[in-house]
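Both of the next two complexes hold subunit A, though its partner changes from subunit B to subunit C.
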Partner chain A sequence: MASLTPTVGGSRARRAAVPFSQSPASGTLAGVLTSIAAGICLLLVVLMLLFLLWYTWPAIRYNGLSILSDITWNIGNQYGTGSSIHNGVAAEPGAEFGGLVFLVGTLLSALLAMVFAVPLALGVALTIVYRLPERLRLPTNALIELMAGIPSVVYGLWGTIVLVPWVGNHVAPFVTHHFGFIPFLGGDAGSGNGLFAAAIVLAIMVMPIMVATVRDVLLAQPKSIYEASMALGSTSWQAVTHAVLPSVRTGIVGAILVAFGRALGETMAVLMVAGNAINILPQNIFSPINTIAAVVVSQLESAVSDASGVAQRSLAELALVLFVISLAVNTIARVAIRGQDRSH
Partner chain B sequence: MVSHVKRNVAISRFWWVLCIASLVGALLVLLSLFGFVFVRGIAAIRPDIFVTVTQGIAGGLANAIAGTMLLVTLAVVLVVPVGIGAAIWVTQFAPDRLRIVVRLSIDVLFGVPSIVVGYFLYVALVETAGWGFSLVAGSLALAIIMLPYVYRAADLAFSAVPRDLVEASVALGARPLTTFLRVAFPWALPGTLTGLLIGVGIALGETAPLIYTAGWSNYMPTLAPTHSPVGYLTYVVWTFINEPFKESHQLAYAAAFLLMIGIFVTNFVARAAVEYWASRTRSHA
Partner chain C sequence: MIPTMSPVDMREERAEKLIVQNVDVFYGQFHAMKKASLGVAEHCVMALIGPSGCGKSTFLRALNRMHDLTPGARVEGEVLLDGENIYAPEVDPVSIRHRIGMVFQRPNPFPKTVFENVVYGPRIHGEKRREYLLEVAERSLRSAALWDEVKDRLDRPALQLSGGQQQRLCIARCLAVDPEVILMDEPASALDPIATSKIEDLIEDLKREYTVVIVTHSMQQAARISDHTTFFLSGELIESGTTSDIFTKPKDKRTEDYITGRYG
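After this line comes the complex of A and B, so read on.
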């Protein structure tokens, strides 16, 4: 059993708790079993991407670029004769699968949500770190965490019953009447279901994650930055805006991007308050919209009835587009957060 | 000079008031949400909803409660060996390079929208494999969504096992497996369980990945793995609120209330486990 003597100072000593590495042979079975688990984790994302790509391929050929540029979503005449053929793929006559409305809705609602959420989350995080007495901090953090745990569908329920009527009866008429001269704020006040309500719900939903991340970034920063600035005679607000915030810029950008990624992929709450628009781009901030995530849920039943199957595959193509966008946003966010970690 | 300082102080005060107002605003929104769900939910809870199944848009929630529990339980069974096993491999066996790759793929999984997971499983299992709406498809969707939470907590917990404890055990002549089971594993267990509970909280509230995998059923769930749709609480919240009947609205509120209670209880237990874990770590140091 001499081989079990711990190697101190060697390369293994850097690893925290590695009983097996000192005697690889005796850990073989455990090593094989757990490596299978790790393999599943590793292959899951790759498998998902490849399978969706394979399944979507006919739709990619049928739709070409129009999945991103066309505003008409039409599964075609299911009772007609003949078929509509693009690039050798046949769908029902008149079938068009344009996803521009959903892509625009996804991006606009998530961006508008950020416009609402970023200043609020910054304010909340700064208050927690610099203004809240110690004994209030723990309960406040617990409440913020509680907020993050509320399911999407409950936000959707609250949105449907509380928020949407308020927007439809008060906010939208007021804004379109008094601020209608500003582009995108005038015109039809709508019913309350739409871009504005979706953005508000999304903002509330992503705020807890953003607050938690910004708070942790602020707390990880040495207190001396704030104190040095105060000692030089600046006010506490100047210390925060001129000394602390510039030093955590990348971390905050990362937090915003993570929240943005969440907002892009959010389904149920948006589905319930966004107004389920189809074949029309939003005219103003209160117009009904649709997002990729929401349309996958709301259009699947109709897509299943498409005998050619291209409608279902086109929905999968939209899901794939959402997948790729989320992947890109999250990658940039991770790079930003890692950059922040390295800077201190 | 003095007026200049006064102005700066006033500006500082103004912005801090706005910051505090944003915290108060956030708490008011939270209050509105809780008040809404709790007031309407408690009013809608009747004893018989726990024993009757949904009938069309009325009846009870027995099938949805049982379905949610069944889906989440099976998801836990599926995710525990994979998530915790992978974390054990990464912390105990993996070469440096592969360790980074597994952690990266988990990070990527965190960012995949849940509807994408749901649609992928719908296409792959419900359609292509021909399972139909089923318990296993729904639980797999939940397991994939829980996986990054479970994995990350387990990875952190096993990485935090103090090296001196492991070395002491090895020095006393314990075999590696004994050291792992008697020293590392007990140490990492609370942190791992916390991650699992957070995952359960997420899974309880998921809707989008279940709609086209578990489907929906007005009947009590069967234990059939495939070809038998399963009802769940979040579906009731989503669809019944859009029906024009008071009875269906009542069920939607009751379902939302039960979900919130379930999630709060799991999150509270998870938090308590964190506290317990932290206090034990402190006593070691």
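After this line comes the complex of A and C, so read on.
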């Protein structure tokens, strides 16, 4: 997982990182350099998009909408004769590239991760800002940075060795047995690999960035909001729910979206615990799933052997879909956080 | 400087609303207030004066248990509200802050509408009846001398009001909880002279129903609005007395030096 610094260096750093902002520094050398750097970043994003579009174009024509709506992923019979042709693009006979399973897996695992992570991250960030003595702040912040620096594969290993057996042996049987009447909680308990384990791992992995972003949003809000509420005889809980959180609503939404964006794109750890589902949609929260990022990695080797190249390009097309979703989520998140900053 | 006095009969006996006994405040290791003792008479205005950093805010915040909210801060000693120690273990600080309201140095309205700001207190205390809330809002805003200026824009964001209006809104918000004592920490220091004089007039009115303790940087202001004055210096309560005594015949040399302008 990447370092926290580019996204959550506090509101000041965040402002400086905004491309083309009309900050007071615009005229200075530093301002010019910042603008150039930001411009280069933007250019790279656009180039990357264009490249992906150009590269995946045959796949886009071959797949049409089925990349988003079909559940069958089949690179076709490489030893068969003839070929399967759609829209003038030829692939191996029987090749079908439906990405729905991966799209659903990506969205569901990231969403469920948010369900786990949001309340926890809000609680931790509120504690840091309103409860922690000054001298514990620095070590806590350092710890959060540290958590963000743990390589993804370590989380994946922990997930495989500890989490998955625990889910498979205890959580899933218990939940499906006792709460099976609730939609999406009943049915096959599975092995432990699946949506639930993936969401937990993702939740843990996005915690640092979410805590850090919410913390910065709260710190940017004057502490006087909390004090004003307390001085009116509210409880601490009421102060948080009636005054503090409502006044930073957009900032919190932004923080959640930043974390959601991260969760969407996380690859390694999810690949290790998600169960590698293919051609089947999840039946409950313990079902094996697959995500776009994970499937790109796990299917790449077989896709490369596709002489027509459409399999590879279809994987790239999935990556493009993920890219566009992430870009949209991140843009909305930035706008939300900046809007919050400005409102103070 | 010989300040003019407010025409209050100082000999009149009044019950002590608040009695502060040997209060110490610590921020971690730092001893910010040392053994302060003081009585605040009911329906009077008590001014707290002293140079910057002497502990006026520290003392004030000890009176409604605001230090509970500062990690690392600790209060020792007793503060009696109608004879009852607000620091007694069985006392709920929330109910104390309900009875002892506070207005801060910088206006700090919530980013909500004017109306929602005023009725914030009643709302969190469970009041839902719209009629009642409207009534409370009007009464509080009138008491805070703000009603005429905002009655047509109760549904506008409070942050669109001027600084002086925001501060009066904060006073109205405080009054809506119907406290017995109002603590004010330099409520006019961020305001221009006209807004300041409005707040001062308001404080004169407030003491009819409430007991007011106000921190002020300005000795003229203390002289104009207070019945009693207490002088602090470097974390110590030096002297307390009627405002006229403090300003005309201070007992302590340090008080005299301060009011004659020999400290910053």
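Operating definition for what follows: the second predicted complex is superposed on the first by the 302 of 344 C-alpha atoms of A that agree within 3 Å, B and C clash if a C-alpha of one lies under 4 Å from a C-alpha of the other, contacts with A are read in each partner's own complex, and residues count from 1 in each chain.
Note that in this section a residue touches a chain if its C-beta (ideal position, glycine included) is under 8 Å from a C-beta of that chain, and two chains touch if they have at least 3 such contacts.
The shown structure was predicted, so the numbers you read here are calculated from the model rather than taken from an experiment.
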Legend entry - Touching partner for A:Leu108 - first (subunit B), second (subunit C), both, neither: neither
Inset, instruction - Name the chain, either subunit B or subunit C, that contacts more residues of subunit A. - result: B
Legend entry - First (subunit B), second (subunit C), both or neither touched by A:Ser247: second
Inset, instruction - Mind working out whether A:Gly265 is in touch with subunit B, subunit C, both or neither, as first, second, both or neither? - result: first
Inset, instruction - Could you say whether A:Pro133 touches subunit B, subunit C, both of them, or neither, answering first, second, both or neither? - result: second
Inset, instruction - Using the touch definition from the top, say if A:Val162 reaches subunit B (first), subunit C (second), both or neither. - result: first
Inset, instruction - Figure out whether A:Gln238 sits in contact with subunit B (first) or subunit C (second), or with both, or with neither. - result: both
Inset, instruction - Examine A:Ala95 and indicate which partner it touches, taking first as subunit B and second as subunit C; both and neither are also allowed. - result: neither
Inset, instruction - Could you say whether A:Ala228 touches subunit B, subunit C, both of them, or neither, answering first, second, both or neither? - result: second
Inset, instruction - Using the superposition described at the top, list the residues of subunit A that contact subunit B and also contact subunit C. - result: 131-132, 234-235, 238
Inset, instruction - Would you tell me which residues of subunit C are touching subunit A in their complex? - result: 28, 64, 66, 69, 71-72, 94-95, 97-99, 101-102, 104, 106, 108-112, 120-121, 123-125, 170, 173-174, 177
Legend entry - Parts of subunit A lying in touch with subunit C, wherever the complex brings them together: 130-135, 222, 224-235, 238, 242-243, 246-247, 343
Legend entry - Footprint of subunit A on subunit B - complex, ascending: 8-9, 11-13, 15-16, 18-23, 25-27, 29-30, 32-33, 36-37, 81-86, 88-94, 98, 101-102, 105-117, 119-120, 122-124, 127-128, 144, 147, 151, 158-163, 165-167, 169-171, 173, 175-177, 179-180, 183-184, 201-202, 204-208, 211-212, 234, 237-238, 241-242, 252-253, 256, 259-260, 263-264, 267, 271
Legend entry - List of subunit A residues in touch with subunit B within their complex: 1, 4-6, 8, 13, 16-23, 26-27, 30-31, 33-38, 40-42, 44-46, 48, 51-52, 55, 119-120, 122-124, 126-128, 131-132, 140, 142-147, 149-158, 160-162, 204, 207, 211, 234-238, 241, 261, 264-268, 271-272, 293, 296-297, 300, 312, 315-316, 319, 322-323, 326-327, 329-330, 334
